[in-house]
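Okay, so subunit A shows up in both of these, paired with subunit B first and subunit C after.
Up next is the complex of A and B:
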């Protein structure tokens, strides 16, 4: 079995060679006073069509259409290659027509969202294994409610056992909102522990106002805070991994629609040039 | 004084094979051969002949056509024909079709059938076609619950159409599979009303120990039928002539280490925690000792370990067909001084091993071998010694090897491993599984994680499938082609024996439904019909396991744990 690094080097190498070939061909055609835009346009459309077909392949898991991993490899490297064909097609200049500008912008957005998606897939997956327990995304609200119920049980039992309301007060002021729903989405995404660190320090400092039994309660609350924060971390990363496609895929469909419109306009106004 | 609850110390026959065996039955058995001529004085202590017959045997009555064992079934017992006779199907091109044996022969779907799954998916979970349970005239079943038996409906046609041999009263069958923990080699059915004595393997082992005739008979049968075939198929002996093979067969010793019911014991041990000193794993050969011979694993699994500080570090594992001790013998032969064993070998659960004496290895292999091949530097790609497989797990983190062996995951031939560093939790694998199984995913993307590798709760299609042992109808079976462990939904009676035996929570019992969502119920008690379900490795689909094909990030693999090289390459990629 090849290592993943070897595969990456091989595929990148092949892409670079293909890109150089495309540039050379474009140069030759330009020198020969031939129009490159028609060929690069059809090529680009075919490549984008193939890239969009990956989503279809994913939905047809029951057909022997090759492994999804092989499709993804093709998807990534052909997508990189489209950047070169796109440049050649536009003659390395931004277009000035409205439809063409929107089309170019859509292409750039799809390309950028794909690159971001690839980065997220490779980096967030690794980070998910570093904190908290492995949880199914759909089960996160259940676990969150479970932690919330446990916290409330701790606080209410404290109220019954002691005359002091210090822990309950702290819960109402500082913790209730935290346990109520998912928090710190963006902080977790950029791997910031600022909130967690601050809250735990605050809880530790608050210990000076508590008696022994309340401090024990606070220790249990600290465990719950950590568990909830880990759950938020899992939610933040898993949601990002799931939802980036909700940007990439609709943009792709929009790109296909505008590409069809562009094709129609180009064909209609080509004036019969072969 | 401290108080504690006490129970009677569990003993061997606390749970007899059959509670229906009476003293009168035992008295009758003692009057027939081979028990009548056994010397009772050789049965000393608690293990008496009477005790064995009472607790390790049961009487089985079969009607004409009743299938006793099927080729490929796994069982833990041998049979003695008491009265009547049975027929054993002889291997030939025309063998009994799977359907009449109660098995499902599921052909691969055509391209159109694959596409049709897109619109034929049921909206309700676990939908079944009731007609499929009612209308197959080829399958006959008798009895209820665990006594359910599949029978051949037209014995005379079967006898005229297929080549069979008779096993008469007084003869044994099924002993090789029972003692060797290997699949049954042939299908056996009752020709007429027949009474059989089924002896569980522990009882058979004790009878053999105390009766030279029986020992000799079973030993001869085993050596003739199973051992010779096994040695011929062992790569390092594959080039030997028939005379040399016969010498190997004559001098080889065959031993069973560990417990037959290792799955049950493992479940109990797992609750107790890690067994750091490996005291529950019987020692086959110990590090530092002189190698008495080459040990070949015939069935089961074995752990290789080296002493490390106050414990033992697992350095690898052996699966059937793999060899231990050969390198040390070769090193000793080349250096002219004996070399001690560099690691210990222990049975994981149960291991049946064949040992070939060192002297014979030297005579048949080393004396004739090219020295360069022995050193592993030979250029011949076909030389079995030059190309002897190495069990090298050094590139894998030792924690991970310990984890795989400790939890018996090395038993899997299609273990689902997920690299959590690459898995984006997209669940494409689960969706693909559901798509190919009428909207019912057959695994859970959950499971223990070690070194960021998850072993998911999916059927591993074990090398030693303990799930198959107690299935009363043989509904759970290994496919002849491909070797996948699959369940015939038609003959599954929902007894849960397989699910209870499975160590890996890979089998789920489900209540089946009509297309409209109502439960299918039995006609007497009106209780929902329950069926066992599990991963079938997409054996009816084009293209292989959908889960693996659907993973975009190369995170999921169905790993044959017998292939240490593949595992190592995947782990270190």
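Up next is the complex of A and C:
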């Protein structure tokens, strides 16, 4: 068993044990007529606070608060554990009240987005290494512009060197839009090469009607198409890896706001913070 | 992977890139970001490609090699760079955009929270869920149950740190649920000291072999509070869980965690029943064994009766009630109530006096009927009701004391004080009769109130006074005390009066009158009984109101009996007179008499009726069992503890004492039935059936 697998097994095992312990403790407390909602509520709030602090930890890189990787591991497994505490807190039923329903919904969205994010970071990161050149996300527009410029240079040079406009016509009809901006976001996300193969096949078929110099140009264009498609692939996956946080992080803030409101209400209406 | 040109290798590393800053140059996407970059507020700072420097009178280009080195054109004459950078529209970085979205969502959440808190409909919006249907019908404001709800946000914040909120809310619960009593917040609503004692008794009965030792329960027990702090209602009753939520649901585990006797299930470890459900004798004296063994036996009397001939479930189907007298006992027992072979109750009995001894000792008594020879059944005893009427005289108690142990029908050995007391007794009786004849019912009411007012209700006094037959009192006076008016008025005015000589013959007319009374004895109601010199009463049927009142009034004397001669003792005498199973009406032949916890006695006029407020530890509903078991239902659980042929004596000692008075201890008895057995219940109430919850048979709140 390699180190990563061992670590995952250990962490997952500890999480499962902790979850079982929480469930057992909840049963015991229920039996003892203790207020499990209060205990699980405080527990859940502390756990969510810790999870939210991960974002803070990333901003305070200089402080000796442990490695980001360790925080991420804790973030993942404690987040998984919150699902059990959340279920215990709600007695495994959706609440009826407005505030509680909003709060529960926010938690579920944050949790679900987190799980999705975990899945994406596990799966997309691997896929990023399998196709195209690994590039910085912020530089992708620069590279795309550069490819577009290169393609236009090829096409325009062809017009100057040859009287035929076949390649230029093909570019205008089929390639210009493709090179203009990022394309096929969702197809890349689901690992579909349908567009790429279709376009390349079309270019190959088109080559039969071209002369030698035009075919050479078309070959260079094929290379650019592949580069642009790989760049789109990188963009699609990297954007997804970045943009899932646009749901996860903002909703976490909303979750904290409504958790505070919920805490105020339950404390005032059912027995004080103590 | 395609084999196109390497992006990284073609990237100009000199291009300024700030992915971790909120704003990026708008030209970055074109691949030529300006070296300055935008301000932190997102404004373009573009100016020129360099800032020329002056050496002497000449301006020189200062563009760095990284940006192309010195330009050919050089600075303008005024020293400004000739290469002006075109302005851009800075763009936000991904991080910054996420920050904007986060802030927007955060601010929106806060705004929504304040909208909710500031809404006129705030109470509904912050409600965590619907109330149960029972509560939702009577509660429409949060402050009805929540102490903090009446205030605003600041009050809520303050209440959040107030540890007394829980108890104050429980107090609000109890404003409506006052029926739970003063100890409502204590376990089971009982006095904590009583619970401690019950626990101690339970510990003594514990048997280790059936005790549960599973970890969950053991750990849970350690979580229980060690002190006897008041519990809050919300410990068990969790509201706002929907219209159909079960507020009273508790698991077996939750019950057992407090109990020292923790067992696995009803069929495994539950303590055996001991006397349940026969924890006391029945309120109506009914010998099931003798009735079923003899009177209801087929072939004996032809009355083949079943349980439901006499019993029927109440409206809720919970308790089996006894059907009315007319549908059950009347057929066989009505004639005993109307029995005219026994004398009625002597309400007013004129004592037989030793007139000769009194007169021989110069005691003036005037006319006295007992000197006539036909009063053979008259005794030297004053009837209890007459005694009560006489107690309204201040000196009567002293007379009773003087005459204690003296038979006034034979005063030959009486000393002077006793003779004087007997004379006084005569005039008290005559005075009372005179006043009653003169003033009627108000006089009786006054005397009863004077004597019984503190112990007997006004309603009972009115009942007794109004029932008194005034016409018969007048007849009694006319027949037995014909010169009463003259005698009493003369006595009270201090005048001497003429009395009949001892040799005077009996008035033959009076004798005829008395004989007529004897022959006119009625089967029910009031009548004069001449031979016993008494005004008597026979029952007018079942539930005769006068006899009931006499017994109720007399039973007051049971709890207050003292050795001293007193009105209470007189009441006891009244009770003894009426409560005999052989007395007219025979009320106590069936209706038992018992002492309550306060020592006072009362007659059980009704069979068991569940009080509305009663809520005992154990409850049982007959309806589902009868439905399930049908014809065999009763005998399935209620089996006789004697053979059918083992007919009991007519009066069992748990109901009647050896001197023919009612036994008053309801717990000193032998049931007609065997106790229920746990095993018989467990046949159906097993683990598998799911009907073995503690709360199936037990109540938490006891009152």
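Here is the rule we use: the second predicted complex is superposed on the first by the 268 of 274 C-alpha atoms of A that agree within 3 Å, B and C clash if a C-alpha of one lies under 4 Å from a C-alpha of the other, contacts with A are read in each partner's own complex, and residues count from 1 in each chain.
Everything below uses one rule, namely that a contact is a pair of C-beta atoms (placed from the backbone, for glycine too) under 8 Å apart; a residue touches a chain by one contact, two chains touch by 3 or more.
All values derive from a computational prediction rather than experimental measurement.
**Student:** Putting subunit B and subunit C on the same copy of subunit A, do they fit or clash?
**Tutor:** When both complexes are placed onto subunit A, subunit B and subunit C end up side by side without any clash.
**Student:** First (subunit B), second (subunit C), both or neither: which does A:4 touch?
**Tutor:** It touches subunit B, and subunit C stays clear.
**Student:** So in the superposed three-chain picture, is A:136 touching just subunit B, just subunit C, both, or none of them (first/second/both/neither)?
**Tutor:** Both partners.
**Student:** Using the touch criterion from the header, give the chain among subunit B and subunit C with more contacted residues in subunit A.
**Tutor:** Greater contact footprint in residues on subunit A: C.
**Student:** Can A:126 be said to touch subunit B (first), subunit C (second), both, or neither?
**Tutor:** First partner only.
**Student:** In the superposed arrangement, which partner chain does A:242 touch: subunit B (first), subunit C (second), both, or neither?
**Tutor:** both
**Student:** Which value, in Å, gives the least CA distance between subunit B and subunit C in the superposed three-chain arrangement?
**Tutor:** 7
**Student:** Report, in rising order, the residues of subunit A that make contact with subunit B in one complex and with subunit C in the other.
**Tutor:** Touching subunit B and subunit C on subunit A: residues 136-137, 242.
**Student:** Subunit C touches which residues of subunit A in the complex?
**Tutor:** Spelled out, the residues of subunit A in touch with subunit C are 24, 27-35, 95-100, 102, 130-133, 135-139, 141-143, 145-147, 150, 223-224, 226-227, 229-231, 242, 245-246, 249-251, 253-254, 257-258, 261, 263-274.
**Student:** Considering only the defined contacts, which subunit C positions touch subunit A in the complex?
**Tutor:** Listed in rising order, the residues of subunit C that touch subunit A are 1-8, 10-11, 15, 17, 19, 24, 28-31, 93-94, 97-98, 101-102, 104-106, 108-110, 112-113, 116-117, 125-130, 142, 146, 148-149, 155-157, 159-166, 169, 216-217, 219-221, 223-224, 232, 234-236, 240-242, 251, 253-254, 257.
**Student:** Which residues of subunit B touch subunit A in the complex?
**Tutor:** Residues 111, 114-115, 117-118, 420-426, 428, 431-432, 435-436, 445-446, 449, 452, 454, 541-543, 546, 548-555, 566, 569-570, 572-573 of subunit B touch subunit A in their complex.
**Student:** Enumerate the contact residues on subunit A facing subunit B in the complex.
**Tutor:** It is residues 1-4, 58, 60-69, 71-72, 121-122, 124-126, 128-129, 134, 136-137, 238, 241-242 of subunit A that touch subunit B.
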